[in-house]
Amino acid sequence: MRASAHSNVNFNDVIKKQKSFVLKKTKAKVKAKAVKGNPEFVVKNKQIGELTKQLYTVGFTATDLAKAYNVIAEMRKANASIWLGFSSSIGSSGLRDYITYLVKHKKIDCIITTASCIEEDIAKCLHDFFIADWFMDDVKLRQKALNRIGNIIVPSTAYVKLERFFVGFLDSLMKSSNVWSASELIKQLGKFMSKLKNHEQSFVYWAYKNNVPVFCPSLTDGSLGDMIYFYKMSKAARKKLHIDIANDIVKLNELAFATKKLGVIAIGGGIAKHHLINAALFRGGADYAVYITTGSMFDGSVSGALPTEAISWGKIKAKAKQRTAFVCADATIALPLLMPAFFE
Amino acid sequence: MRASAHSNVNFNDVIKKQKSFVLKKTKAKVKAKAVKGNPEFVVKNKQIGELTKQLYTVGFTATDLAKAYNVIAEMRKANASIWLGFSSSIGSSGLRDYITYLVKHKKIDCIITTASCIEEDIAKCLHDFFIADWFMDDVKLRQKALNRIGNIIVPSTAYVKLERFFVGFLDSLMKSSNVWSASELIKQLGKFMSKLKNHEQSFVYWAYKNNVPVFCPSLTDGSLGDMIYFYKMSKAARKKLHIDIANDIVKLNELAFATKKLGVIAIGGGIAKHHLINAALFRGGADYAVYITTGSMFDGSVSGALPTEAISWGKIKAKAKQRTAFVCADATIALPLLMPAFFE
Amino acid sequence: MRASAHSNVNFNDVIKKQKSFVLKKTKAKVKAKAVKGNPEFVVKNKQIGELTKQLYTVGFTATDLAKAYNVIAEMRKANASIWLGFSSSIGSSGLRDYITYLVKHKKIDCIITTASCIEEDIAKCLHDFFIADWFMDDVKLRQKALNRIGNIIVPSTAYVKLERFFVGFLDSLMKSSNVWSASELIKQLGKFMSKLKNHEQSFVYWAYKNNVPVFCPSLTDGSLGDMIYFYKMSKAARKKLHIDIANDIVKLNELAFATKKLGVIAIGGGIAKHHLINAALFRGGADYAVYITTGSMFDGSVSGALPTEAISWGKIKAKAKQRTAFVCADATIALPLLMPAFFE
Amino acid sequence: MRASAHSNVNFNDVIKKQKSFVLKKTKAKVKAKAVKGNPEFVVKNKQIGELTKQLYTVGFTATDLAKAYNVIAEMRKANASIWLGFSSSIGSSGLRDYITYLVKHKKIDCIITTASCIEEDIAKCLHDFFIADWFMDDVKLRQKALNRIGNIIVPSTAYVKLERFFVGFLDSLMKSSNVWSASELIKQLGKFMSKLKNHEQSFVYWAYKNNVPVFCPSLTDGSLGDMIYFYKMSKAARKKLHIDIANDIVKLNELAFATKKLGVIAIGGGIAKHHLINAALFRGGADYAVYITTGSMFDGSVSGALPTEAISWGKIKAKAKQRTAFVCADATIALPLLMPAFFE
């Protein structure tokens, strides 16, 4: 490392300074609609599922979407375990409410996601996120402590509240053990969230309630990591907190092996998609697969990779080829249209 | 979970079966060129850096690439710490040799990457990867135990060799401790790799050698996770291996705070990009930033997000706005053209 | 030009050979669903329009889609002229039936499109197109005389029928004049199509019927061009056929100037989008604009350009900024969801 | 059409008003680098071609780029006719200078392009274009009469000068005939441009000089169309100008048939790409094909279509499959790296 900028800085001052960066209170009141989804609407109104099925004959991505619908319906019909992987932006958007709805109604058997999705699930119980614009003055937003995710605004105050909540949670955790696997921690978190007023909006809560394991192989990547950092730095006893990811890979691969039939649904790319299909390898590949992504295949990323690539790895079964679908679309449009397939 | 498929299966049979899925020996000889990069060439031939700078006046992405070149050159001139985040496909491609070259020549001060990049860095010391096609018969590839990553083929035998190597490594690790943070594990791995014939091709080795920390917040996501799983399942004593990610977030944020000036370079999206810029938040934002990605901004993903979005979060400094560059391109073309900027 | 391959070839043989390339009879019977759209369904079932409006709060592209819905509804409410530009693949897909529905119900006041959309509108009256796959053996498809457009198959026989029809049409045209502007030709074509059994499926027919001008500044680019070529080559008298595009630019700019309020909707990119917004410049810019595209902005193409770029040119009014929407999505999903906005 | 906004407007006032929209004088002086390319540099420095060839082993898009290099080199070696199609943004960027260089050095045998590329080729002889930013205040740009194309700025004054030049040109044309095919008009334009000071920078000039036909099936789509409109509206005699596209399709298909071997290179998508490969159909398909595009295949557009799709149509020969390359990249980076292949 090159020379330090802060060689004489007092330790407490460091944390204070860092908290001033990370945990800013929002100075502005946002006048905009809150981010939310209405899954009930798409499930209750049969015409929406009907539309998606009809899109089969329109061609191009519409056909792919209808295929995805059919593959999900087949998963359900075959009573397959349905494993869902989703990336961070899904949790930031109103799709979080769709995920909650699926988990609440026991349509999902296992979740693999990112730290951001966990943390924003809590944060949304504490504070609204808002619909805004893609192109804003980000310098001004920073001054007001408004964080932008695409065309969504998260007031930084949400994270201030999150930290308060999360310290209490970690304290409760450490009463029983210093070492936690990510999935066990998330399960306890779901339980702990019961005390939150809006906990029924949370997929983490419902996953706990309905005994759906939630895996997150990178729990420290995001605000949860920030909170764990501040927590560990605050008292000597808290330093002992460890988050183990080795036990989770055992648990995940065993769960995958135990599935009788397995359908995987990857919404977005990155680690959630990869971790999901990698687990499927441990039972000889998934029987059904749906990918929803905006990723390009031509950079070699797993994000843009088609289901056939996973066949070469044994992550999807060779004979499942006709039971896969690839939808090149933003999930905020695709998932609502696919939702009714889970309730056929 | 829905009913188990394997309720009466003997435990050893499970592992045996799983190894048959994961650790297949390749049956075919691949006749194709091996994946590799030639960073020396682009650095030694000054015309290539000259070309990139000239592209400034061509417009569109060429201009962005030239801007990225200038931002990197500025980082160097200001003697800033340069932190590099890169996603899985970078490691799969010949860009791995570029990363190695940068680390060997002490141009990078900190690395954040994915499990795949670590594992493929080892695997490439043990076996060639090959250039192939985007569209192949993936069912046949599976039969031959050839794994496809875009237009690159990884013979599965590479992973068989990798497992043998990695078991030895984990055994050596557990002699001193059962609990390892990911970054400490990777450092020890770099040291252990010295015994490999081709270790000088490895960026993990050079990172160890040159004392460059390598962070990987999701070390179990990928083949390394597979190996850790098999390792833990093989003997009772090995079950005690734990990989802690909580200490790494402490180490990372402290390192970030200690930087006098910080330049971040994100190649690809996903967790590596997010973890990189999130660390920068803990010192009040990066002073310089270069993003190279094929991601679309319109799905709200961090992968496609522009540097300005990070300004709203305080992850890039507001006043650094003119010292950022966004290159919408596949890194396999962009990085070779940017390489000389590190050696200006 | 480099040396000719056919220096001694007889003229008639040339045409015969070329017809063997262009007008192959399909040897295979395609067993697949025909391409079609069901616009009636989305218009009659109010829940679909309701869904699109609700997507506003979901974030990312869903929000953009809802904004587009609102902008179209505003156009309607303000009684603005609505001009629609759409690129070739729209006509190939089942969206052609949506376009027809809009024109039939007098929701569109002017159309700008490509030659392919015109020709496939006729072709679909003569022969089915079929839903297939993205990845097929294209060499085998050629042997069978099946042409692929993405995941849609057009049996080459459709073009054989098209040619027969089009020769008759051109003969009828040349009875009154040798020189035709593209828009006049298309108008006559709509009239001539009345004799086709399925003419009510055609947007060209309904445009004629409802007096909606259809502009196509590149009428010879595509199968229509092929047919015009064969026509001109067949008899000396037919050589005199000329298609003038200069008069159309006069007509188009005059029409644009005459609009009281103008809303432009560009589906897809390329020439249709550009010609549409360029016309708007001649009345000082559009008052409303909706773009639906998968194009990337970072190659500087008009296809991926945002509405704000058009403001710099005066093609969209500066004060219309809040009455524009940009939807980064495949139109085969987006247009069905937007359709009800035309009928609010 | 809905009611006219201008029913009582005097005809001359209409044109005056329209000219105030279209032909604004730029009020600001732009302080930025002029758009330009330096093809000489990449051709003279052998290391750049060497780099591109070496990229073959890097994987992903780098491999595709090297394949494209090889295919172009093969075209040259086989003495094939090389036909180049390129879309509007290519002409706006500094790649225009690369095109000029290729035409000047007789490396291209036929060009298919858009109206914008023709008009900007003239405009650049009259006025500089400038490098700017992707995200600017487009309302302010309009006030200053600066037109934005991605991150390039075209001062509107360029078009004022263009109009003056073009009126003179059209007058000269009409001395010999009232009806011109697009390709004949462009040829005369190249000749007429000789009088411009900077004419040696123009590909239209060099195409005339070296007898390379330039086809543009949509000559009125863009500023040339604007100029033709104003021209026709200015005097009764000028109304007689007609631009015929029917003769050009005859000429184009005949030229295609006459090629002994044909290599097609499509830079960008849209009409230029389609018209290029459609012509190849008339000689039984191209023998070599290189596509450079950022388009996505999943919207069914020709812009994003792979070469294999063209095989199904007979536009590329079945046996040419291994002599095709698809490069998913912005041409502003790709073309400079491919340039040396033309001079091998």
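In this document, chain identifiers A, B, C and D correspond to the written order of the chains, with residue numbering beginning at 1 in each.
FYI, a residue touches a chain if its C-beta (ideal position, glycine included) is under 8 Å from a C-beta of that chain, and two chains touch if they have at least 3 such contacts.
All values reported here derive from a predicted model rather than from experimental measurement.
Just how many steps, at minimum, does a route from chain B to chain D need if it may pass only between touching chains?
Graph distance in the chain contact network comes out at 1.
Pick out whichever of the two, C-D or B-C, is joined by more C-beta pairs in contact.
Answer to which pair has more contacts is C-D.
Greatest Cα-centroid separation from chain D: which chain?
Greatest centre separation from chain D goes to chain A.
With centres defined as the mean C-alpha position, give me the chain A-chain C separation in Å.
Once rounded, the distance between the two centres reads 40 Å.
Rounded to a whole Å, what is the gap between the Cα centroids of chain B and chain C?
It comes to 45 Å between the two C-alpha centres.
Starting from the mean Cα coordinates of chain C and chain D, work out the distance between those two points in Å.
22
Considering chain D alone, which of its residues make contact with at least two other chains?
In chain D, residues 59-61, 64, 89, 92-93, 135, 150-152, 296, 298-300, 308, 328, 330, 332 touch at least two other chains, as defined above.
Hey, which residues of chain D end up touching chain B in the complex?
Within the complex, chain D touches chain B at residues 33-38, 41-42, 45, 47-48, 50-51, 54-65, 89, 92-95, 129, 131, 135, 150-152, 308, 328-330, 332-334, 336-337.
Using the touch rule from the top, collect the residues of chain B that touch chain C in their complex.
Counting only chain B, the residues touching chain C are 59-61, 64, 135, 296, 298-300, 328.
Chain A touches which residues of chain B in the complex?
For this pair, the touching residues of chain B are 1-6, 14, 17-18, 21-22, 24, 79-81, 87-89, 92-93, 109-110, 114, 116, 134, 136, 138-139, 141-143, 146-152, 179, 217-222, 225-226, 228-229, 232-233, 241-250, 253, 255, 257-261, 268-271, 274-275, 278, 281-285, 294-305, 308-309, 311-314, 318, 321, 330-332.
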